[in-house]
Every structure is written in structure tokens, then in C-alpha cells.
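Two complexes, one shared chain (subunit A), two partners (subunit B, subunit C).
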Partner chain A sequence: MTIDIIILIILTLAALWTVMTNTLLFAAIGLALTSAVLTIVMFRLNSPLAAVFELSVCAGLISVVFISVTTMTQPQSHQEVAQHNRDRLGRFKFLPLIIILVVLTLVILNLKPTPPLTIPEAGEDVRNIIWNQRPFDLIGQVLILLAGVFGVVILFKEKPKDE
Partner chain B sequence: MTSLLILIPLFSVMVLNLPSRTMMRRFAFWLSLILAASQVCLAAFFGTDLWNNANISGSFFQFNLAVDNLSRVMLFSIGIVVLAAILAGRELIKDENRQFNFTNLMLLILAGMNGVVTTVDVFSLYVFMEITAVASFVLISLQKDRDALEASFKYIIFSALASVMMLAAIALLLMVSGETGFPGISHALSNLPTSRLTLLAVSIFICGLFIKGGAMPFHGWLPDAYSAAPAPVSILLAGIVTKTLGIYTLIRIVGFVLSPNYALNNILLLVGTISIVAGALAALGQKDLKRMLSYSSISQVGYIIIGLGCGTPLGIFGAIFHLFNHSIFKSLLFTNSAAVESRTNTRNMEELGGLAERMPCTGTTSIIGFLSAAGIPPLSGFWSKIIIVVALWQAGFHAYSAIAVMAGAITLAYFLSMQRRVFFGKIKEELKSTKEANFNLLLPALLLAAITVGAGILFPFVHDTFITSFFK
Partner chain C sequence: MNSEALQLFWSFGPFVILLSVIGIYCILVTYNLIRALIGVEILIKAVTLLIIVVGHVTGHTALAQALVITLIVIEVVVIAVAVGIVLGLHHHHDSLDIRKLRNLKG
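This part shows the complex of A and B:
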């Protein structure tokens, strides 16, 4: 149990670092780190297939894409960087308060599942779950992919005529 | 047969984007129009037995879907609003390539919303909500100007927050009930009504739905998204997207899956009342026509939420009927605002005036739309509002009932002010050359106005078909 709590704390810290860091490159690295820690959580929850996907796609593939794109961006001017550094912490001023409130609420609520949580069997056939039990969600995945493709086409491929 | 509602739009998008895309481009508009129109006809005339007949779709697609009367009402509304948006899109999106992409996204959003209203599984519900949301983000930013991109980004952030809340709630519900189907969850929750884990799951799920539905004080993204989106997308968003994602799901979960809960009903009544009053007051002060309609949407959503919060069968029916009416009259009003904007190039009500003289059809349908929104008999909006007010009174919520009635007066005030500033009075010199809107904008306006009048006058039929069958 203690090791799980430590892993969850590391996960939260990595996620916080991802959104609070000053540099795009560090944010991408932070995201990869968050995914890597999440992979450990998934292994510990007896879901090796989800863990492998998380590690290969989120921590691996997506990080490579993010970091490659980051190398193509232009750095800001010195004044912009100075201004940004002054402003950026202001937006996080309520964050500690929110964290403390959430933690206190959870402690007070003292949530325990009734009946106790059963960890799913690792041996259950994933193909069976995806193809036979949840085919509708698979259609949903195809639709989301198509919507994403049209998003990319409209936002990045269409030439703005009025400019 | 229900699975075809999702599969046909999906295959249509695939066929339209085959290598011979240029040839398919000509058919895209007609194909989407026919699909939306067929959905309207099928939902209107075919009963639930036919929808749930497994033999029609064959045995290959074994999806866990079901259509009841609530789903039928939603399928009808989705069809009619998508139809109006497609017609408006043909008129207002000039670039051929962009119009083709718009049509494809409309088909995807149609499949997404059909999935949301027909599924009986909370995880599939989440998946299809995401499809609709992703397509909406892209549609809002279709014009790629600064305001649209900002509105779309705001919507992405709020929607992501709602998604995280709902996904966490689904995980907790799975822990409690061991499955994600509506009947299983309903059974598990009725056995554990006071478990803290259940309460946490339900409360964050409902919060997520409030964000998606744009109820106050969770509405931050809504006025920007509605007003910055291109006109056909505003019709779709205000008319049906937020209503399906937030409000339909709220009705489905609270009215049909969860067991009656006193605390939850009180929260719904409170959020609903805040939305009604604050939305109406905010609408009073607007100069931008679409922004005013956006705040009015928040206020009308409040009526649906208090109807649901009432907790009685009559209240839930009132909520469903107002959801339907709101889809129709708000799409009508947004279609009219699109017509006005397309002819005058402005949405600022201070710069408009006397347009009824030049745009008689738009002016008249606008009167029908706003009178229905304000709850004036015999239009359909009157019946749904009176049902909600009566249900609240019968359930002993006299104060809420009184607030709902009084807020109706504010609704009438801001709509009358809108009508006076845009359509009535003396026409301004620079607007004298304005012409009536084109057929593609008049047809949906007339159709929606006819439904508003028809559902009002034929209320006994609506009563006998739906009120009696909903709670047999």
C-alpha cells in the first residue's frame, strides 16, 4: 500500500510539473514522465496490456512527436520571457488551497468501496473484451479518429483565403 | 435497426472521402440532407418496437442499444436541427472545400449524438459524447478567426474538465456496481443509496454534465462558443449539441438510472433557479444578438433542470418536453439571427431596426420563436413551462414555482426588446436595400416555426402519445 501511495504522489508531482513548467520542451518531458509513472500504476493494478500501450504510445510515440514539434518553434524575445516569468506564477496562486481542500475532503469522506474492490483477472482475453463485449465503443473510436482527421485538415491544411 | 443510426453516417463519411473526392463533393450536401430528413421521419412515425427490432439490422452488429420514447424525441430533435444547420451551411459557407468538410463533420456529429441518445451503457455514452465534443471543437473554429479559436479553446478546456470528472465518476460507479450498463448501475445504486463513494461518483458526474450543458455557474465557455462560432454551427450547438451532451444525459441519468434522491433534487432545483434568473438578467443587458440568445439558452436550460429537480413524473415529462421545445425554438431564433447577419453583416442590435418590413418571413418566424420561448399560449413553449410550474407547485416547491413564473416575465422583456430593436420600428436608412433571406435559410425557419405552432396546438396529441406512455 505504501509503495502505491508513493507512486501516486510521484504521478501527481510529475503531472503538476508538466502544467506548471516554463518551457515547452520540459512540459513534453514531464508528460512522458507522467505516462511512465502511470504505466507502473497500471502494472501494479494487474493490467499489463494497458500498461504496455500507455508506455509505447503515450510515453514513447506522443513524446517524440511533441519534442520534434518543439524543436521547430521559435524562442520568445527576452522581454517576453521576463514578462511571462513574472505573470506565470500568479495563475497558480489558488492551487495549494485547492489541493489542500481536495485532500481534506477525501480524508473526511474516508472513501472505501462497499463491497471491497476486486482487481480484475489478468488472464481475461482482451480480444474478447474489445471485439465481443464492447464493439460499439470500437465504432466510437473510429468516429473520433475521423473527427480528429477533419480537425487537422480544417485547422492546418486549408489555406486561409481572406489573408 | 437502431445501430444503423450510427453506422450509416459513418459509412457515408467513408464513401464521401474515397479517392474520387471531387465527384463525391457534389453529393455530400444531398446525402447529409437525406440522412437527416429520414431520421426525422423515422423518429416521428415509427414506434419503439420497430426501432428495437433486432432482425432488421441482422445479426452482425450486436450493439447494446435501445430506443424508448425519450430517445425518440431526441432522435427527432437531432434530425431536425442537423437538417436546419446543413441548409444554413449551404447558404452561409461559401468556400466549397470548407463546406465539404463542414458536411462531413455534420455526419460525424449526427452519428455521435445518435450514439449518445441510444446507448444503454455509461462508458459508451462517454465515448459518443467525446465524438460529438471533438467534432464541435473543430466546427466552432471553422472560420479560423481569433474569436472562434479562442472560443473553441475555452470549450476544449471546459469540456476536458467535464470529461475527466465523468470518467472518474464512471470508474467509481464501476467499482460500486461491477458493470457499466444502465440497468446494472441502477440496481447497484438502489442497494447502496447512501454510500459515500456512490454520492461522490454521482455528484462529480452531475457536475460534469452541468459543464457540458452550460448551466450557471458552469457556463463560462457557452456565450463565447455560441456567438463566435459560424452561424450554422451556432444553430447546431445551441439547438441540440449542448442539449444532448449535458441535458439529455442529465435527464437520462437522474430520471431513469438513479433512484430518487432528495439531496440531488435540491441541488438541481438550486442550479436550475440560478440559471433561470442569472441567464435571463444577463440576456437583458446584451447588444449582440447571438450573445443575447446564448444567455437566453442558459436561462431556458434552467427550466429543464428545475423540472427534473422536481422529481415527480410530471416534472420529468415537463423537462423532456421543454428540452424538445427549446431545441426547436432556439434553433429557429439562431436561424433567424443567421439570416439577419447574412443580410446586414452585423449582429449589433443597436445598428439594426425595422427589418420586419424588408424581411417579413424572418420577422414573423422570429415572433413565433420568441413567444414560444417566453411561454405564451398556444405555442409549444407555453405548455412545457406550465407543466414544469404545475409540477413544482404540486410537489410543494412553491417558491421555485413562483420564481419560474416571474422569470418568464424577464424572458418576455428581453425578447420583446430584441424584437423591437431588430425587426420593429422605422427602418434605418442604410438597411433600406436589405432583402429577405434566401430559401435555404427560410425553409428551416418555416419548418421550425411550423413545429413550434403545431406542437402547441396539437398538445392533446402530444399529451396522449407521450405523457401516458412515458410513465406506464
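This part shows the complex of A and C:
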């Protein structure tokens, strides 16, 4: 239990660093770090398949996408970067205070759990759930993947050249 | 649900709230479109953590994993299309600052 709390604190600190760091490249790396730490939490909570997905897709693919888009966008001049960093510091300076306030509120409220009780089902298999019990999820996944592919194709479609 | 599982849930719950606060704050105060997407990503991480924890506590880890896999697929597609839109906007306006994107202002 203690190690779970330590991992969760690292997860929160990684997310905080992602948001507050100056450069977009570090923010993308911080996001990958957050995903990697979340993967450890998932492994510890007996969800290995979702953890592998999270590690390969979120920590891998999405980080590559963010780093690519960061390098593809035009870099600013040094003066613009300095001004931008000053502005950002002014805007993000309240975030640590808000985090502390939320933690204090949660400690003061000291919420007691009253959720409905359920009996855990034994012998569930992820493959069975995905393929047999929730096939509409798969249809939805295929449809949204197609929508994404067509969306990206339309966004990057070039005008036909005049002949 | 036994007391140990409930204790686990109430240990993870505050961190879900903290991640949500970080993501929402990032979306609210940033002027950079890529940073707004990173805020959305952190919000999705909070939701993922919540689903996994609830699945573990209730004993439905397989169902939670199926939902998380669907969530990750949707997340990737949303981010891919959003990044395409961001790149298109940068191509047209030469900037990612949302204060400079005022073409639709009436």
C-alpha cells in the first residue's frame, strides 16, 4: 500500500512537471513519463493488458506525435521565448497553491466511503469480455479509427495542381 | 466489497482528483494549443486511473481493461485529429497562440 502511494505521488509530480515545464519538448517527455508511471500503477492493480496498451500507445505513439508536432511548428526567437516564459510563470504560479488547497480540502473533509456493495465476479477473461460480451465496443473502435484516418487525410489533403 | 478494497479506493481517489485539477487548470490558463492538448491528455489519464481503480475494487478488472482499451483507442484518434488541426492552423496563421486565432470573431 505504501509503495502504491509513493508511485501515485510520483505520478502527480510528473503530471505537474508536464504542465509547468517551460519547453513543449519537456512537456511531451513529461507526458510520456506520466504514462509510464500510470502503467506501473495499472500493473500493480492487476490490469496487465491495459497497462501494455497504455505503455505502447500513450507513452510511445502519442509522445512521438507530440514531439513531431513540436519540431514541425516554427521555433520562436529568444526574446519571444523569454517573454513567453515570464507570462507562463505568471499564469501557472497558482497551480501549486490550488493543488495544496485541494489536498487540504480532502484532508479536512475526510470523506468516508458509502458506495454500493457488489460481489466480485470470478474467472473473468479480458478476451471474453472484449469479443463476446462487448462486441459493439469493437465496432465503435473500428468506426472511430476510420473517422480519425479520414479526418487526418482530409486535413492534410493538398490542392490538385493546375495542369 | 471488503474494507481493504474500500481503503484502496479512498487512497487512489484523491490522486484522481489531483490529476483532474492539473489537467483542467492546464486547459484553462494556457494559450498554446499543444499545451491544451497535453491538458486533455492528463485529464484522460485521470479517467483511466479511475476506471482501473474502480475495476480493481469491484473485482471487474477484465471489464475495466476492456473499457480502458476502448478509451485509449479513442484518445489516440482524438489526439491525431487534433494535432492535424493544430498543424493546419499553424500553417495558416504561423502561430499556435489562441489569442491570434480570431478569424471567426464577429
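Going forward, the second predicted complex is superposed on the first by the 128 of 163 C-alpha atoms of A that agree within 3 Å, B and C clash if a C-alpha of one lies under 4 Å from a C-alpha of the other, contacts with A are read in each partner's own complex, and residues count from 1 in each chain.
By definition in this document, a residue touches a chain if its C-beta (ideal position, glycine included) is under 8 Å from a C-beta of that chain, and two chains touch if they have at least 3 such contacts.
Keep in mind that what you see is a predicted model, and the values were worked out from it rather than measured.
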Determine, under the contact definition given at the top, whether A:Ile67 touches first (subunit B), second (subunit C), both, or neither.
-> neither
Just subunit B (first), just subunit C (second), both, or neither: which does A:Thr12 touch?
-> second
Looking at subunit A, does subunit C or subunit B touch more of its residues?
-> C
In the superposed arrangement, which partner chain does A:Gly140 touch: subunit B (first), subunit C (second), both, or neither?
-> both
Return first, second, both or neither, reflecting whether A:Ile99 touches subunit B, subunit C, both chains, or no partner chain.
-> second
Pick one for A:Ile40: touches subunit B only (first), subunit C only (second), both, or neither.
-> neither
With the two complexes superposed on chain A, say which partner A:Gly151 touches: subunit B (first), subunit C (second), both, or neither.
-> both
Using the touch definition from the top, say if A:Leu109 reaches subunit B (first), subunit C (second), both or neither.
-> first
Take the contacts of subunit A with subunit B and those with subunit C, and give the residues found in both.
-> 111, 113, 117-118, 134, 137, 140-141, 144, 147-148, 151, 155
Give every residue of subunit A touching subunit B within the complex, in rising order.
-> 109-114, 117-118, 134-137, 139-144, 146-148, 150-151, 153-155, 158, 160-161
Complex interface listing, subunit C residues touching subunit A = 1, 6-15, 17-19, 21-23, 25-26, 29-30, 32, 34-35, 37-39, 41-42, 45, 48-49, 52-53, 55-56, 58-70, 72-81, 83-88, 90, 94, 96
Which of the residues in subunit A end up touching subunit C in this complex?
-> 1, 4-5, 8-9, 11-12, 15-16, 18-19, 24, 27-28, 31, 34-35, 38, 41-42, 45-47, 49-50, 53-54, 57-58, 61-62, 65-66, 69-70, 72-74, 91-92, 94-95, 98-99, 102-103, 106, 111, 113, 115, 117-122, 124-126, 128-130, 134, 137, 140-141, 144-145, 147-148, 151-152, 155-156
Okay, in this complex, where on subunit B does subunit A touch?
-> 6-7, 10, 13, 61-65, 95, 97-98, 101, 104-105, 108, 111-112, 115, 119, 121, 123-124, 127-128, 130-131, 134-135, 137-138, 141-142, 144, 175-176, 178, 192, 195-197, 200
